[in-house]
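We call the chains A, B, C and D, going by the order they appear; numbering starts again at 1 in every chain.
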């Protein structure tokens, strides 16, 4: 192996790390500078004291949980059924779940606004609760690719078809198979999809802004436009949350590797 | 198989399809209604005639191409090297490439603004070109997960280690191996990553808006706030572009299945 | 009527007919192997018995009851898969108890039965282990115990040994056969490995392209193959082209050596070509042997394969391989030697397609 | 000095010593097989010769030149991999031409050599095919041609047959051996299949846990295994525990049957236990045989395996298997029969670890 190739490889890796961590480092350092001349947590104190922070963050957490529930209800049975009985449909379903990645969120929102405006058959945008429901479904679309991929990957680690047949030959019906055989073996995958969904919803800006809901993303942007140090503290907090979610995913997937279900 | 389970499976699939296509259908139908009482393409004509549309769209296309080039230069050698010589590093690199999905774009932008502001060591935000560079790198981060995953999937379909060793035993050096053996076999994967990147950059809103660049995403949002039918026409156009990209990916990957490189 | 009866079974996947009019009766307590290359339909028949596939035509009866309207989970069948298919989230005891719990047995009965089953497969000490903590052979034994625990009417084994190492494969097949005989359970075994089928079965069904080419005991299948396919799939075989000299006296020639067959040639004419089969292990070298039970030829290769030495000689247009057991004193024939192979009259079979 | 010389080769991966002080000389034109279970270090030695791994200690010389500072692409070595490793974006001709193009040969020479190579593997007609359009056996033959095209000094074969079907495996190994002898190329072959190694090699190295247990011709390895590991890994083997009665006269007992060995027992005392090895194919049933070349026992099982019938009998505490070629007239011994197995004096080997 050429020494140059080796250096190039390491350089690429280090560059990748710097690419992420230098901006974050700068961000963090600046967020501590609210008090002139010394490092302090003043900006953080100010952020946490802001009632708007608490409100928007709470709102986003609730929306994230709702999104996760909707996502699991849609994705888990679909992914199982596609793997078991409609393997020919897998490329199509994968294609479908890929679409949210490339259909701009704006398009989705405009579609919703048009479809569910106050003069439509289902005037969801006319009420707060209706708009919340719209937002949750929008988030679900955004999170769908990750949720589906996570669950599908989880299903791939077990032999869905054979386990189902083994359970059937032992007399089990569909409810037993799903509840006692399939679900216990994909729980880590479901959790991993849930954490990703959580991180995405917490940081999302476009959907919430366009539907005009008091979510954390727009708040972040508002603070950024009007204050000096707080936005950086907020960014660090948002990053810490998403980082925490990622770490949880890693933990869960590591746990699942040593746990019996890996096999 | 129970008839109920079968129905449930199909219902989930159909629900998934409706989930995407009903909003889009409503959108499309409304965009044709600019002339009272009849369907017409007036809204589309108005959009295409707008010089701002041409400018912002052209700008976004150029940014997309720049982003694709940067992405390929970063991702292809890294992914190859990681697969070949640092398989232990794969989880870490995958983790890294997953981060942009969950670090809100806002955090990235604030980091950049802080790091490269007019009073910093590299005052990129002080000039138009500098801001453009920042934006391109921001887009690269956003597109990184898809590009990396596409290239890595492409590399997975060939036996990188053995092909490299076979070429070495026949006397080939690194340049020959990369250029004549590895690259020709992952071109479809690279293209697929490129198309995804293109679709993402065209529709992106947050980064461009916060860095205040004349991109297509913010234009879309501006039009949406001020006009009646044009935003819907624009949404349909944006959707058509992304859809076209997706169709191209499918074509490329189908082509690659029948082409020799699949094997 | 037999215990397990398959009548006119057919199965098509789209335009492809995988099983073509299959008929068979399997007696209670019998061990029947389905042997054939991949795609011959053997696994499809097994899956139709289990209820995982619905026959396109025909009926399956077990103990006199038609299985037509029974779902897989209503058939009371035990199945062991190539991929073990233990439930990864349950330990050994829970896996074995699964079918009993579904059947709603009382806890005491379940515990007793699990214990009995683990004793049968000699894994009592591993009851608390999880599948991923065990070797493939152990997992497959647990899968066997799990399938047997609810006392099924029929045991179906779908290539259960294919994923295992050679040595474990041999010991586990003997163990399966022993347990099967001990319990007297009707068993259908699917395999593509001829030695496996020969060593374990009461009867063998040799499948070819959706049909049963031959059904018989291992001894019949090996020594009296009824078709060219069976002869070549089961064991190694020399196929020798011979020319008919006189159908009335069963006289033929191989190259320039005349032989009078014991078996009647049937409806052929002088000058016709017939195919004869000779197993490599059937002959032995005997210098000076002549007549209807000997063939001479020039040695073209002689390979040391360990326990046997395989020599090939050319007789007319045919190449005949024959095996000798290796022994320290044996001098294998050299390439170019002319040797005479002696066999018994019944070794030379006529293959009639 | 030999053409390919390995001197005190060692290799560790972290704390694990995979190859321990390996020494061997391979002559020009010799075909040497490395045989052993997975993890024994055989593939690691091959990869060190190729330059893909760097030895932790020792030297490798080819034709008198140390390979220490040569990268894999400077060693002029041909290699064939288990996974074929044809370049999927090139057709057969381009694959074979790859090494020649890298070497900068003129086009006319490349074309001629590619043609010659495709003739050698009898695939001239498939020159335009892509790898994915060919069977595994064909792909592996192309891989062989590709490795041989640049006229390498040494040909390395890394389990080239493991991914293929049983029948193709046999025919391709014969083809490889033929081509190797025709070209007279020095070849190192790695395999875990003992029959493969026995049938194809000039010499075999039996590897065990990073060491060479025995190096010898196939005949020596099979008939005179020097360790218990070699004896049990190569072929099937009965290991019989015997008690020494009188070291001076080489008298031992197996169960209650006394035997005088021909081979001297060496440094043992009366009452010691020694291990004897007997191949299953070495004996034959001979009623009434007595003395130093016969053992009697009760039959505990008799299995029909196709070409052979394997019978097991109990002699004292040991179980002895023996094989008989199947033939239509043969009546296999029944369980419970007492039979006498006769062998020749040289069949009974003393295993001295």
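Rule of thumb we're sticking to: a residue touches a chain if its C-beta (ideal position, glycine included) is under 8 Å from a C-beta of that chain, and two chains touch if they have at least 3 such contacts.
Quantities reported herein were computed from a predicted structural model and do not represent experimental measurements.
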Intersection of contact partners for chain A and chain C: none
Leading chain pair when contacts are tallied as C-beta pairs: A-B
Between chain A and chain B, centroid-to-centroid distance (C-alpha), Å: 18
CA centroid of chain B to CA centroid of chain C, Å: 55
Distance between the centres, which are taken as Cα means, of chain D and chain B, whole angstrom: 53
Residues of chain B whose C-beta touches two or more other chains: 1, 173
Multi-partner residues of chain D (at least 2 other chains): 71
Arrangement of touching chains [line / ring / star / complete / other]: ring
Chains that touch, pairwise: A-B, A-C, B-D, C-D
Complex contact set, residues of chain A against chain C: 158-159, 162-163, 165-173, 176, 181, 184-185, 260-263
List of chain A residues in touch with chain B within their complex: 1-2, 5-6, 8-9, 12-13, 15-17, 19-20, 22-24, 26-27, 30, 74, 77-78, 81-82, 85-86, 89, 93, 95-96, 98-99, 101-108, 110-112, 114-115, 137, 141, 146, 173-174, 196, 199-200, 202-206, 210, 217, 220-221, 224, 231-232, 235, 238-239, 242, 245-246, 250
Complex contacts: residues of chain C adjacent to chain A: 50-52, 71-79, 81, 83, 85-91, 98-99, 102-103, 130-133, 143, 146-147, 150, 156
Chain C-facing residues of chain D, complex: 174, 194-195, 198-199, 218-219, 222-223, 234-236, 279-282, 303-308, 323, 325-329, 344, 346-347
